[in-house]
Structure formats: structure tokens, C-alpha cells
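Shared between the two complexes below is chain A, which pairs with chain B and chain C, respectively.
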Partner chain A sequence: MADQIARRRSVLDGWALPSRAGLASLTNAGTAARFVYRGAPELVGDAFGVSLPTVPLRAHAQSGRAALWLGPDEWLLLSAEADGSTLAVALSSALNGKPAALVDISHRQVGLIVSGSSVEALLNAGCSLDLDMTTFPVGMCTRTLLAKAEIVLWRTAGDTFRIEVARSFAPYIVALLDEAMHGIA
Partner chain B sequence: MLLITCPYCCTARPESEFRYSGEAHIARPLEPATVSDDDWAAFLYMRTNPKGLHAERWRHIHGCGRFFNALRNTVTDQILKTYPAGTPRPGLGAPAEGGR
Partner chain C sequence: MAGLHRTNGGGRVDRTKRLSFTFDGKAYEGFAGDKLASALLANGVHLVGRSYKYHRPRGILSAGAEEPNALVTVDRGRGRTAPNLRATQVELYDGLVAESQNRWPSLAYDFGAVNSLFSPLLAAGFYYKTFMGPRLLGSNWAWHKIYEPLIRRAAGLGKAPSLPDPDRYANRFAHCDVLVIGAGPAGLAAALAAAEAGARVILCDEQAELGGSLLSEWSVEIDGVPASSWVDEAVRTLAASSRVTLLPRTQAFGYFAQNFVALAERLTDHLGNPDPAAPRERLWQVRAKEVVLATGAIERPIVFPDNDRPGIMLADAARTYVNRYGVRPGLRAVVIAACDSGYAAALDLHRAGTAVAMVIDPRANGDSGLAGSVRAAGIEVQIGATVTATRGSQRVSAVQIGRAGTEGRASTGEWVPCDHVVMAGGWTPSVHLFSQSRGKLAWSDDAQAFLPSAIAPGQAQRSAGACRGVFGVAAALDDGFAAGRAAVGREPLGRTFKVTHDITDFRGIAGSHGAGARGSKAFVDFQHDVTVRDLKLAAQEGFRAIEHVKRYTTTGMATDQGKTSNINALAIVADHLGKPIPEVGLTTFRQPYTPVTFGTIAGASRGDLFDPVRRTPCDAWAQAQGAMFEDVGAWKRAHYFPQAGEDMHTAVARECRTVRSAVGMFDASTLGKIEVVGPDAAEFLERLYINSFQKLGVGRCRYGVLLNEAGFIIDDGVIGRIAADRFHVTTTTGGAARVLHMMEDYAQTEFPDLKVWLTSTTEQWAVIAVQGPRARDVLAPLVDGVDIGATDFPHMSVKAGRICGVDARIFRVSFTGELGFEINVPADFGADVWEAVWREVQKHGGCAYGTESMHVLRAEKGFIIVGQETDGTVTPDDVGLGWATGKGKRDFVGMRSLSRPDMVRSGRKQLVGLLTADPKRVLEEGSQVVEGLRPPAGTPALGHVTSAYWSEALGRSIALALVADGRTRIGTRLNVPMPDGDVAVDVVTPVFLDPKGERLNG
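And then the complex of A and B:
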């Protein structure tokens, strides 16, 4: 009997991610370990290595890890995929016996990086937030809607956003942004 | 499109991120077994349905996910104030608009 080998595939494998030279481009953020944590922010800050932001709509990022504020007691924790299992153990033991919830959602969603000088106009094709630097500065993150899909939007640099979207919505988001790229200048 | 200020996110957000969840400040009786059928029916079904200022629950479902309360004028559809769930209905510093 031939050996059975499970091969890991991303939902975006085989998709040509769109770009328009100089204006905007879409890239796959690659695999990541992701957790949704609900509870008191101080319980996991030390174990995670990055303090959890308590200011609404802010993200803290440091040495490859990031904690994104999603709600008053809810955070999205991002890390390298290789750290996932050790991080899960470290966070769980920090929470031992405490009233909190930690859910591994690493494979539930995919990350997309959108960047370029017209990135705000591109995202505004489906997102009604004001993405100007004065109202949506670097380090701001939020759960919101991009057309019909719920996303987490995080501004990591002046002309770069990270989108976290449910795996099943990823092809829709890529197709939507592909269309939208025809309309930006 | 309405802009609704979420009291948890502290910013004005588009209406499409929110869901309406009925009238606010309706407390479930602590001991349902002791409540008469008429009172229970009133708790379940009877609402004030005012023409004018209405305190109602909203949920920022595509944002922070939290329930909060809003004072909305049902005539003009203007949301005058939003406040966290569990806090008492605030005054507006002016006579309430509309009639009950």
C-alpha cells in the first residue's frame, strides 16, 4: 500500500493574487498561529510576551507576535505557526483555574497583506470606515465588514494593512479586491 | 446610512456593522415561577412602541460584538445617545422629544 501523505494546502493556493504596479498589491500573509482570548488582559501578557492593549481598537506588536484588541475583553493573538503548540501550552498554564477562554483559530482564517499608495481607496471599495491616517493610524485594528465578509483590519504601516478573514470568505475577498483594483487611480 | 457611536469602541461606525435587538431596560423576572400568566405575557410581548424617543438595544455584531443601549427618535431615526448595557437610561439634558 502506498504511503498516505497529508499535504497542507492554503485556500488561496492556485489563486493569482492581484496587484497594480505602484498603486496596490495583495499578498498572502502565510501561515500563522492564531488564538482568540477572552478574559482579563493581565493574565496572559507575560506568557505571550506582548502586553494586551486595553485602549480600544489598538494592536501591540513585538518580535513577530501581535495582540489585537477586538472587544473590551477579547483579543486576537497572532504568532508564527511554529510557536503555536508551545504558545498554547504556555497560555493555558498561565490561565490555569482562571475564568477565561482561549480558542485556537489558527486554521479558521487566513491573513492577507494589502499595500500600496492607493490602499485606502482600494479598501474603501468594500469598507465604509474612514481609513485616513488621522482617523485610522498605524497600529489601529478593528473587526469590520469588507462588502459582505467580516474581517479584522489592522494597519501595520502607513501604506500597509493586514486583513484576517475567514478561510471560506478568502476567495471572495481576493476576487472583490481584484475587481476593485480596476477602479483605483 | 446611520452612523452609530459604539460606547465600547468609542468611534462612530456605519449602521451595517450593527444589529437591532429590541427595546432596552426590560428585566427578566428573577423568579419566573412566582409571576402570574398576565405579568409573564406582559414581560414577553408588551412593548412601549413610542412615537419619539425610544431606548433600545443594539449589538455591534461586526465590530466589538458587544450589546449596548441607544436612545433613538423613532420619528426622525436620529440616534441621540448610546451607553453601555447595564447602565441606567441617561437624560439628554433637555426635554425629551416626541410624545409617549
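And then the complex of A and C:
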């Protein structure tokens, strides 16, 4: 069986991700551990290391971990892949016997980093939200649509967003942003 | 020289940059900054098109988006032919190739002009009157076979390109505090005011240069500088602000609810050598907090006999060609001025060297503040006169002057030779976008126009300048500035702009000035060839409402949507009916304001990006194996795996045989998966599904059936209990999102008392089904930490374990009737695990099978597929799933509906099997099942075939069907009538293979 060990293969493996010099680029956020936590935020306690934001549409990020508010009782928890199994144990024991739901979705979606001076225009090719810094500041996150695919969009810096998209929609998102790169200046 | 008809200087064209272009194959030159129309006029070309119905020679009427005549096709090579472009808007570039339209064999000698001889046949309503009979050959035979094809060929506008559009089209969603539509004086002032306040502003204008009417002014000065310089400074100020987006070449074409406005930006059509990778156009979808409509006004033609000859032009257009483009459209002009713009045109033409023979003011007591200046320039002014006839074949050569008399008839008088006639009929505010936004218009006697009145709820907007009847440069600037201030919630500053040489009378006249002598035509709608006579005929024939007149005469229905004609048409009909204009009504303004390319609407949504294509982690392997795919929702699923020389039938037969005799593997990753977690998870599922879940043991599975409130099956799937408070729910591939949304809806609104949460895990897991007598042998060497033996791991159970070194959920389930497992591994491991299983499957003589074999294998067992055996009207009992209903359940979604009289009556359609008398005959899915042979037309069907396949295991065809009282008909013979004759079928139970289910335990 030793020769039968499966390796993790991202749906983005082998994709050349598009960029437009000086304006915008798309990079692979890499594999990650991901959980959906649903329930009361205080039940998690310190187990995640980062407090769960209770302000709607906001993310807390620290030391490679992030908690994104997706709903009144729903958070997306992100951490490094290597961190995943210990984190799963820590969270599960913290929540043991408590009325809450923790579901591992590490493989359900992929992360993409979109960055550059024209990043807002690029995303607005398919995203109808107002991405101006005054209305979508750093640290804001939301579930939304990019053209015909649902994504989670999180502004991590003035000129940088992270997109979380379901695995099978990732090629569409990459191809769409590739196409949209032609339309920015 | 870029045209003999250039003025000696002036205008905004760049006389140092010559551009060559062709029109109908002939080479010409123009200047950078020219429009195709101005460049043609500079070369003395007035005849640019043939009219729609009568093929009359037509020239350039306007200088803007409202142009009805000068429609051209611009050819940029393969697939890049754009028809029906307005020459007044086409920017000149070096190498431009333009063609006239609607003429054969040439523009000058057009065969279709014989239509003019038949014009009595082509009067209003000619479609309806002439072409409906005879009915001998069926309804409207003549229309479909003769008239319509003829008319379509003869009376067309440009031809649509036949090749795929090679261009790219971009899309941009945008938000702003203030969207200003129109960059004339009102729009520029509004944008300046809003930008000064720090607002996010988008300013769009259809033209290449911002400035609107100010670009056509020669003598006007604003705050001490020429209008042209004031525009340049205003644009510089706006461009310097990072909060302002300037969008020239951008037409606002649709105004929708909640201040949502669609703009079409032209990006490359003005370039001679555009980057082929750059988008041609961009659709802007703007959500604006406030909209300022500064869309200006459009000058009306004057309706007099034969008012359509080339050389006859609107006054505003004449001023624009002279002042902005440095082009003299004619050498000797007659001006018909019903308002100031006519007088201003006379002065501008005179200054530029055109001989102005006469200014005729058709208003009985009309006069203008400019009349004195005109007379001082030595130009004769006749008040109360009109034009009663014109001459000239391909260009106007003379007009006849008459005195306006009673009852609209004019006494005729002298003929005045001229090659240019300028008409100023008055101005119609452009209320198109206001009206699209559902704002109410009100007739203003004062302005003799419909003006914006009540704004529709949900729209935050204001109109400024000429589009709300505030005419003149000074008034428009002041009004625009105040609107811009108001749009950002500021008090008006009361700022006034100092303007010299302003003109203020724009009201003019509307309606007809005589139909003229017999044989002449006074055109109202130039693009659709609608005359005064047509409109009067419609009124005579009883059409009273303008919407009916429009449809009967087609006035206002062309691509220009009557921009120059609607008010004149309305005035003529109102006059004929003896009613005031507002009582006759106003036709609806529809999007788009000007035609928009399909490419702009479609954007990126074509080809590979038309819709997302979803592929599973095992998809690449299937592609490499040469699998054929089918679409299931957005998913690509392997349909079958043909080997060399196999067609679908033989491949599917082999796959089915292999699964039943050895083992097959199947990619079930697309199945919907929902993790239902919480202390009340079992209770939640108990309330949703018809089945019982409270007593389902951890590690056990149950086949769940989900109904809607009406009691009909909407989904099904295996549900496994992973822990006391955790279930792994599977749904159909197509139902995944729907079921999750339904569950979330019920959890939040019906059962908020339950502590349960739902998370989609469809894409977390790759699912590999291994089915067949050797399934356990395949898995045994790959798994560890889990006993998959028959005793420890019975049918319908689930275990956590490891396979190929990764954590997995392994289900013992079967959709084939064979011993089977479904391995769930985290998706990124799916490809490797699939390969490992594949290596084992091969060792046992197995195969990979696709969705077609999956369908056959389950049909042999009588397992239903939701959406195939069910159609939203089928209950559990109808398809023999009554057994699944939890005994003694208090309630579940749809339960109450199952006891409605209609749900328990006899005669409901029930699932049965059908065996054709001829075992080789495979029925067609969807075909009807009846009782007797050769049923006469109208015989009600007992039901229909839901699934039909060749069964390799049975060596014959099988079918499933829904048949009225089907279960009581088992053992009887029914008939499936087909075009080639009746097909006799025997009704049987729907389980064709292994009815006792012994193979499951292999």
C-alpha cells in the first residue's frame, strides 16, 4: 500500500494564471485547510486563535489564520494546510457536546489572489458590487457572484483580494479573469 | 485637399492630419476629427442612401445620433461588418471602408426606385391590406411565400454579417454618486458642480469629444472665453479629479429600476489599426446614487412637400458642419427658420462663405431676435412663408416659396435655386431616458413639447438643460450646475455663467405645412418613409390613438425610433382629429436609445465562457481514456467509455456486462452532498424526508425521499449517519443546490427551534462507485483501518477509514443491484485514488462505466431517477416507494397533501415495467401507452414510457412506464403506437433482474 499513497492535486495544477503587467495579476493562494463553522461564535473560544468577527461582512486575520463572517451564524475558517489536522482536533474538542457544526471543506474550494492597481476594475468585469475603498474596505468579505459563479470575495489589502471559489468553478473564474484582463487599462 | 467644401479655417478638425477613406468604392480624403458624414459633405457627397420603402435618394439630415437617412455599412474585414451605422456618428480613420445600403445596382441608379411609381399601393397599412389573401392555399400563403420574402429583400436596411463576430467585448459594473448623461453645457456644468463637492462622478457622452452643442458654437463666449476653450478647460478640470470618470464615445441606452443605467462605450471602432486583442466595446452597468439627465434636445425637420431631397438638412446640423468640422454643405442655401437656430445657421453659413438666398420663417407672426442681424448681413427674410415644392433628382436644386394660407394650403410662388436647404422646425427635448426610467411626461404648451414631470418611485434623478425645456447656453449651464449641486445634496449656489451671443428661442412649430401637389411626398418619418398622407389616411380609417397609428403606419418604428419624427407625426394626427396633442398620446420610449451590438450585450458570455463548465477530479482521467461526455446541469459527466471500434450501444452493452460479471467503477462525484450537523439533525431530517431517521443507527444508511409541500417527489438520495449529530446527505446531481436552499429555508423559517446547520460538501468529496461481484476484492488491498467484510460492513452502511493513505468515508450502497461501495475521498485526492482503484479494477477484468450504463443497470432493478420517472406530479406510492414512508410519523414535508382525494383516487399513474412483444424493439422514451390497437386521433393515453433501454443482462429490451392503474394491469398487454405502427407491450413489475436482491450480498 505504500506505493498507493494519494497526493493532493489542486484543480489549478498546470494552469498558467493570467496577469497584465502593472495592472493586475492572478496567483494561486495554494492549498489550505478550511472549515465552515456554524453556531454561536463564543462556543469556539480560543480554539481557533483568531476571534470570529461579529461585525457582518468582516474578516479577522492573524498569523496565517483567518475567520470570515459569512452569515449571522456562519464563518469560513482558513489556515495553512499543514495546520489542518491539529486545528481540526482543537476545534472539535472545543466544540464537543456543544450545539454547533464544524465541517471540513478544505478541498471544496480553491483560493485565488487577485492583485494590482486595476484590481477593482478587473473584478468589476464580473462582480456587480461597489469595490471602492470607502464601501469595500480592507478586511471586508462577502459571498457574491463573479459573472456566473458564486465566490467569497475578501479584500486583504488596498490592491489585493482573495477569491474563494468552489473547486469545479475555479477554471471558469480563471478563464473569466483572463478574458477580463483584456478589458482593463 | 480633404474636400473642396472646406471652410478656410476653424473648426475642431485637425487639418494637418489627412485621412483617406472610401465610400461605395470611391476614394476620398478627410481630416482627423471628421465624422464620415462631415468628410463626405466636405467632398460634396450628399447622396448617401436610399429610403426604406420608395428607394428615394437621401442625404445627410442631421449631425448626430438621430440621423434617419445616412445609414452605412462599415466593413473592417472578416466578420467585422457593421450595418446601419449612422454616418453622422462614424468617426473617420485612415483606411475606413464604408458602403451605402438599400440600393441596387448602385446608389445613383437604384432599381428599387420604381417602388415610387407603386406608392399608392404602399400607403399606410399596406402590410395588412394588400398581402393577406388569397386564402386558397392556406392562411397567409401569399404573405409567407411571395410578399414577405420580396419585401425583405427589397426593403431592407443593412445586411447582418454572416460570420461569427471575431471581436472581444468587455463588461464593467460601476457605482457612483452622480451619473451625468450628456456632456453638453448642462452636463458639463452638472459634473463640475458634483465633482467640486468631492462626489464620485461618471460623465458619459455619445460623442468622441465632450462638449455637446458647445462644440458647434462659433461666437458664443462663456465667462469671457470662447465656448470651445471653456469646454477644454472644463474637461481638463474634470479629468484631473481621481473621483471623476469621463466616458466619451459612450451612449447611455437603457435606464432601468433603482437608478441602474446601461452604457455602451465604443473602444476601437474609431481606430484605423486597433489592437486585435483589445475589446471593441464595453458595456457599463452603472448603479448611480443620483442621475443627472443632460440629454439635450433634437431639432425637428419641417414637413413640406418633397422635403427629403439630398441637400436638405437640419439647421443645427448645418451649424455643426460649418462651425465644428469646417465644412460648407452647400454653395447657395435657403433657410426655413421656425426658431432661432435657423437664423443662427443663416449667419454661420453666411460667415463661412455660403450664399444664403433667403430666410423663410413659416410663423405668421414669427420673428427672431436674430432677424435684424440676418437682414444686416444682406439676407432677405420672409415672414409667414413656406416651401411648397422642391426640385432636384439626386440633390436639391430649387425650392418654391409660397405664402401660408388658410387650412394649411399655401399659395405657390417663385422658385429659388439652391443646393442646400436648412430647416429649423423647433426643438424636441430628448426625454427618452427619462421616459425609460418610468418617469411621467407632461405636455407643455409653453415649450410645445413633452417635458419630464413626475419621477418614478425608486429613481433618484433630475433633468437639466434642454432635455427639460431649459434652452440656451446660459440657462443650460446654470440649470446643469444647480442640478449637479442638488445631486450631491448641496444648496444651489445661484451660480450664473456669463454667456454672450446666446440664442434662446427654440420652440418652433410642429406638424405639416401642406402635403403638396399630387405625386409629391411630405415626409414625416424619413427612415420608414411615412408621409403626411399616410398619417392622415390612418386617422381617416379610424385610428385614434397614436400607438395604433404608429403600428398601422410604422411611423417611429425604425432604428431611429422616430427621434426626428414623433412630434411632427403626433401634431399631424392631432390636427387631423381636431384634438390637442396630449389627448392623442405619446408613444413609448424603449431601450436601446440607439442600436447596441449583440456583442456588447453578450460580453464574455460566449464560447467557453458562455456558462461555467464543471468537471470532477476524475475528469482528466476520463478524457484521457477517450470517454464521451454528456451535460448534466453544468457538469460534464462521462457518458460511456468506447473502446476502439465501439459505438455507444456496444460500449454500453460491454460496460453493463462487465459490471454484472466482474466489476465496474463509476465517477459519482457530481452527486449533491450536504452535511447536516447539530443535536437536532435527526429530527430535522425526520421532518423533511418521508423516512424515519431518529432510530437510524450511527454507521447506517437509508434511502431518503424528499417531497415538496404538494406531496410530489422532488429529490432522493442515500443518507448516512456519521455520528449521533452528523448526517451525510446525498442528493441528485441536478438537485444539489435546490435541496440545500430548501433545507436552509425550512431550518430558518419553519423549524427555527431546531439546532441544526447545513453545509454543502458536494465539492469536498470525490466519489468513486465500485460495483459488481468483485467490488470487495478491488478495495481490499487499498483500504486500511476498516473492515469491509460482509459481516462487519453490511449493505446500507457507512464507515470512516483510509484508502490510499487518505481519510475516506466508505459507503456500502448499490445503485446497480450488485455488491457495491461508494468511496468518498477529499476532492484533491480524487484523481490519485481513482487511478489506484483503476489499477485494481483492471486486475479483476473490470471497467470504468459512464452514466448511460448507470442508467441501464438501475433500470434493470427498477430504481427510479428523479426527473425521469418523476415529473413533479408523482407521489411515493405512484412509483412504488410507499414502503419508504416512516411508520407512525407525525409529520413530514408533503405528508398532508398525500391524503388529498386526488392523491388516493384510483386511476393514478403507477410505475410498471414494459416488455415489448418483440424483444429487440427498444421503445422511445416519452412515447404514449394506450389500450387498443390503432387508436384513433384523440384517444387518451394511459401513460407514457419514462425509461427504455437495451438490457444486456436480460438479452432484450426493457422499459419503465407510468401507466394509469399500472399495478392492476400487470399481466395484461398494452399498445405503444408509433409512426411505423403499433408496438405491443406486456405490463410487468418494474424489477427486471434479481427481484429478491440476492446479488447485493455477493
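To be clear about the criterion, the second predicted complex is superposed on the first by the 179 of 185 C-alpha atoms of A that agree within 3 Å, B and C clash if a C-alpha of one lies under 4 Å from a C-alpha of the other, contacts with A are read in each partner's own complex, and residues count from 1 in each chain.
Here, a residue touches a chain if its C-beta (ideal position, glycine included) is under 8 Å from a C-beta of that chain, and two chains touch if they have at least 3 such contacts.
All of these numbers come straight from a predicted model, not from anything done at the bench.
Of the two partner chains placed by the overlay, only chain B lies in contact with A:T144; chain C stays clear of it. Look at A:S128: by the touch rule set out above, it reaches both chain B and chain C. Touch criterion met: A:V11 reaches chain C, while chain B stays clear of it. More chain A residues lie in contact with C than with the other chain of the pair chain B and chain C. When the two complexes are laid over each other on chain A, chain A has residues 74, 128-129 in contact with both chain B and chain C. Within the complex formed with chain C, the chain A residues making contact are 1, 4-11, 31, 36, 38-39, 73-74, 99-109, 121, 124-130, 132, 135, 147-149, 166-169, 171-172, 175-176, 179-180, 182-183. Chain contact summary for the complex, chain B toward chain A: residues 1, 8-11, 13-14, 16-17, 62-66. By the touch criterion given at the top, residues 168, 170-175, 200, 277-279, 282, 285, 287, 604-605, 608-609, 611-617, 634-635, 675, 677-679, 755-765, 781-782, 784, 803-806, 825-829, 831-833, 836 of chain C touch chain A in their complex.
Interface of chain A with chain B (complex): residues 56-57, 70-72, 74, 128-129, 142-145, 150.
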